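Same chain, two partners: chain A is paired with chain B first, then with chain C.
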Partner chain A sequence: MGALPQHLVNGLTVGSLYALLAIGLSLTYGVLRIIHIAHGAVYMLGGMISYTLMVRFRLPPLPAIALTLAACAGVGVVFERWAYRPLRTAPIIVTLISSLGLLLMVENLARIAWGPLTQPYPQFVSLRVYALGSVIVTNLQLLVLALGLALMVALQWCLRHTQVGLATLAAVQNPRGARLCGIDIDAIALVIFAVGSGLAGLAGILEGLYLTSVDPSMGQIFGLKAFVAVVVGGLGSIAGTMLAAYLIGLLEALTAAYVSAGLRDVITFALLVLVLMVRPSGLLGRRVDRA
Partner chain B sequence: MLDLFFGPYALTLLFLVAINVTLAGSLNLITGYGGQVSIGHVAFYAVGAYTAAILSTAWGWSFWLTLPAAVVVSFAAGVLIGAPSLRVEHDFLAIVTLGLGLVVQGLALNLEVTGGPYGISNVRRIAVLGRTLGPWGHAALAVGLAGLTLFLVHRIQGSRVGTALLAIREDALAAEVTGIETARYKVLAFALGGTFAGAAGALYAHYATFVSSDSFDLAASISMLAMAVVGGLGTRLGPLVGAVLLTLVPELMRFTAEYRMVLYGLMLVVMMRCLPRGLLGRSAIRTGG
Partner chain C sequence: MTRNESRAFRLRSTVIGLALAVAAGGIAAAQAPDIKVGVFGPLTGPAAADGNGCLYATQLAGDQANAKGGINGRKVTIVSADDQAKPSEGIAAVQKLVSRDGAIAVVSCSYSGATRSAAPVAQQAKVPMVVAYAVHPDITRAGEYAWRIFSLGPVQGHAIAVMAREDGKAGRAAVLWAKNDYGESISTAATQRFTALGGQVVLSEPFALGDKDFTTLLTKVRAATPDVLLVVGYYNEGALLVQQARRLGLTMPVYASDGLSAPKFVELAGTAAEGVVVSAATDLTSSLFKAFAQEFEARHKYVPDSVPSHGYDAMLVVLEALRRGGASADGVLKGLGEMKEFTGVNGTIVFTPEREIRTDQSFWKIQGGRFTQYKLVPYDRVK
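This part shows the complex of A and B:
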């Protein structure tokens, strides 16, 4: 059991990345009731675009990151305007197919643009290792954990203390009621797609740093697992989503360490099914109002 | 010229189209008539294919024995996979079935009995009266299965079961109140739909003589759902139209080489924008929404 704290640290780090991705999904589902599977593609673009800016165009890390986040936010906004807004009143299965179409499009375009191979990611943060007793923590892990937590706190603050944030929360609670109160759902949709996609892009950058490589296929399973966090946490519950994201990170680290690395994803998805059998609305979810 | 229509390539296409009609038609029973969105239909296809492949390679069974076995096993898998639909509804069910599909693929990739990442090769070819079937025979079998699926789904839809499913789709609570055992019928829809997909899997395993987990990924599940939706959920011939279109269009787009899947994705988005009810769909279906 000596290695347990180590696995916990590793698990929480990956959990932070899931959380960054899951926030956008939680908001898009909460406000618009869409299963935005293509979110994983934005995360992948975050990794690939920042890689290209730094390696091909030799930009320093900070401007490269800023440009990447802007590009990802832009892609999210285009998704919303082009593929989701025209389907605002359509059944969820129609937006789902549309979202899957987006995922196929973007992933395969990326495979053409960058080739299917894994690319080594520029390590612009020099690695430092700290030993806390028997646990080894790297500065990258601390960065991912701290950045994840800070952004989450900031996001919660914005949701509760700004006009847009309060309007978003109102729309998450009851989209129809919010619209009746004069809240502009279209404007909120653009904001949450921009912010959520920016966070997904950031998760892609951090993943590149943390795992030292990026590839055009990195988004699919990762995006689906972030969706598992949203569902297990309770669709529409932002706190539940974050909790579930960290739990999934921990579960995966422990499964990989003590059961089998190959079965890691199987166990994550099996957990999803089990949790929903016991609590059909997720851990912290309430029954979703159907508009 | 004749070769283009009757050559091996055309027959291969015909076989694939027919398999996809079977898959989309059986999914139509679950999602179109039953109103239960499933993104995990590939799981049944996989269960049928692996059942046939394992029985054929381990015990030397022929297709005529593995087919009924695959039917029984995939019916049982349908009961298992349909069970969550009793507790979980709508969007949640869509995600749960997606998860189940990935669990099945993940197990296929990791278990020993399924050959792990190498899959299972040397599945016996289909033989009739001691003669191995050629491309014509395979295509005929697949078309037969597709026709049988569409016919039986149509018959089920017109029967008590179909009426109960429609009632549940439109208003589960009202259906329950009028004495329909919603739980039984929901699971039955999954089991029946899964059975056809399992049979298609068995046929595919013997046709290809090889199965591996690559064939049963998320993209396969997506395309089954897309065929059912693009054709028109809950329509009699929708799965046929959807499967023909979405199987042949990527083939015809082969000249676009690596842009093929990009165009396929683009087509799905544009289709949903222009025809959200599918090509044959007329009335709005309250599927998961």
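This part shows the complex of A and C:
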């Protein structure tokens, strides 16, 4: 049991990355009822674009990160405007397939652009290791944790205290009702795609920094896990998604620690099935509207 | 023309066209029949560095043979197939090479999983397959068409254990292994031999291919307090594992399987790779290896490691078999049977009746960001 605090720190760090990614998915599902699988591709672009800007174009880290976030937000806006909006009234399966197509297309383009190999990510934050008793925490873990939490809090604040945020919440709660009240769903869709994709890009950068490498396939399993967080947390429930993301991170760490690292993904997806069996609407979800 | 007539005309022209095309193909084949040798391996996906490096090396061997006039005046052409290191794709790859591309011999530039599933396909098609570096024992058990020029997984596992116990003077070992054929066969043998030599394996844990976060596993390693860390896996996971280990303050020596003996491992792990000892059945100091490495680097702008050098040797073995037995699948098989001993860039190998090889196990150490020749474990000690 001596290593338990260490496993918790490790799990929460990864949970932060999942949460940053899942939040965009939760918002897009909440407002538009889209299962935005291609979100994982944006996350991958975050890692690959920032890598290229720093290594190939020799940009300092801060401008490189700013440009990357802008690029990811832009990609999100393009997705919304040209891949999802024309399908707004189509059955959900059609948007799902469109999204899957986007994911495969972006990944394959990335593989052509960058080659299939894993690349070492520039470590622009020099590593510090802190020992708190028997627990070892690195400054990178603290950075990921702090940034993750700060952004969640900031996002929640924006949702509750700004006009766009309130309109988004209204749209999440009842898209049709919000539209009837004169809320411009198109504008909100663009904003949440921009913000969600920016956060996904940031998660990609943080993964590069924390796990020291990036590759064009990195979005697949990570995107899937974020999606599990959205479903387990309750479709459209932002707080539930964040909670679920941290829980998945912890569960994975504890599975690897006390069961087997080889079973980590199996257990994550088994959890998905289990939660859906017991609570079909997710941990904090309400009844899902049948539109 | 009536409708029927026009249909008959169209049909007739199609048939004539087809006949001409077949005849043209026949003539072309009669004039310059290249000998087709198939190569399959992971050309895309996480293992692509190995697959492509190995393929480049076979192409180099083929081009060098062609430059010297080919095999009895006939040119050798390499046809390739991508298996993404997946067993299911391994089957499809060999089927494509044999039935569509007309390969009369196949080189496996792939891992154990894909090669193991491909071996019965080659066996059934009666096309000889020479395995460059896949280690699972079942591969050559597929039948007389499967040959291997690389040490078996268990042999390598024994050698790693001998090194860790004697060179690392370790009493307690933690073994972290990739959860697949390769990882299992090497780590099981390493564990057995390490214990047999009086050591204690205090932790043995698998990890999945594609894993990136090893902090939890390494936390367990720290709690188990081993003297030495044995890593059986590939360069992607291995690099992250070693790097994260050093970050968590684990300073014990690392002994690793040949999957980590790739330049990409050093590139990804950076300074954390320093001092890591990896098994690699290649003697970096041999003059044949140096000549090969020079030529390879001139073409592809990077220094080849164990994987390309074994791809090169596998192709040399096929070429030699072609010379001896003639340009047919049966000829290659006959040639392989006659070739009791062969000297390639990785040294001299002797084939056993089971179509395996006897050879010493070489170890490299990473020093100053480069692989350097370190020690040899003689074959007698690891069989």
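We adopt the following convention: the second predicted complex is superposed on the first by the 291 of 291 C-alpha atoms of A that agree within 3 Å, B and C clash if a C-alpha of one lies under 4 Å from a C-alpha of the other, contacts with A are read in each partner's own complex, and residues count from 1 in each chain.
Simple rule for what comes next: a contact is a pair of C-beta atoms (placed from the backbone, for glycine too) under 8 Å apart; a residue touches a chain by one contact, two chains touch by 3 or more.
Model, not experiment: these values are computed from the prediction.
In the superposition on chain A, contact is made by A:Val228 with chain B only, not with chain C.
Looking at the shared chain after the overlay, A:Ile136 reaches chain C, while chain B stays out of its contact range. Using the contact criterion defined above for the overlaid structures, shared-chain residue A:Ala83 touches chain B, although it does not reach chain C.
Look at A:Thr95: by the touch rule set out above, it reaches chain B but stays clear of chain C.
Set against each other, chain B and chain C differ in how many residues of chain A they touch, and the higher count belongs to B. Of the two partner chains placed around the shared chain by superposition, neither chain B nor chain C is touched by A:Leu180. In the superposition on chain A, A:Leu62 makes contact with neither chain B nor chain C.
When the two structures are aligned on the shared chain, A:Arg111 is found in touch with chain B and with chain C.
When the two structures are aligned on the shared chain, A:Ile35 is found in touch with chain B, with no touch to chain C. Residues 111, 260, 262, 265 of chain A touch chain B in one complex and chain C in the other. Against chain A, the residues of chain C that register as touching in their complex are 44-46, 48-49, 179, 205-208, 210-213, 215-217, 219-220, 222-223, 236, 239-240, 243-244, 247-249, 264, 267-268, 270.
Those residues of chain A that touch chain B in the complex are listed here as 29, 33, 35, 82-83, 86-87, 90-98, 100-109, 111-112, 220, 224, 227-228, 231, 235, 260, 262-263, 265-266, 269-270, 272-273, 276-277, 280-281, 288, 290. Every residue of chain B that touches chain A in the complex is listed here, in rising order: 31, 37, 39, 83-84, 87-92, 94-96, 98-100, 102-103, 106-107, 109-110, 218-219, 222, 225-226, 229-230, 233, 258-259, 261-262, 264-269, 271-273, 276, 284-289. Contact residues on chain A toward chain C in their complex (touch as defined above): 2-3, 6-7, 10-11, 13-14, 111, 116-118, 120, 127, 129, 131, 136, 138, 207, 211-213, 215, 217-218, 221, 252-253, 256-257, 260-262, 264-265.
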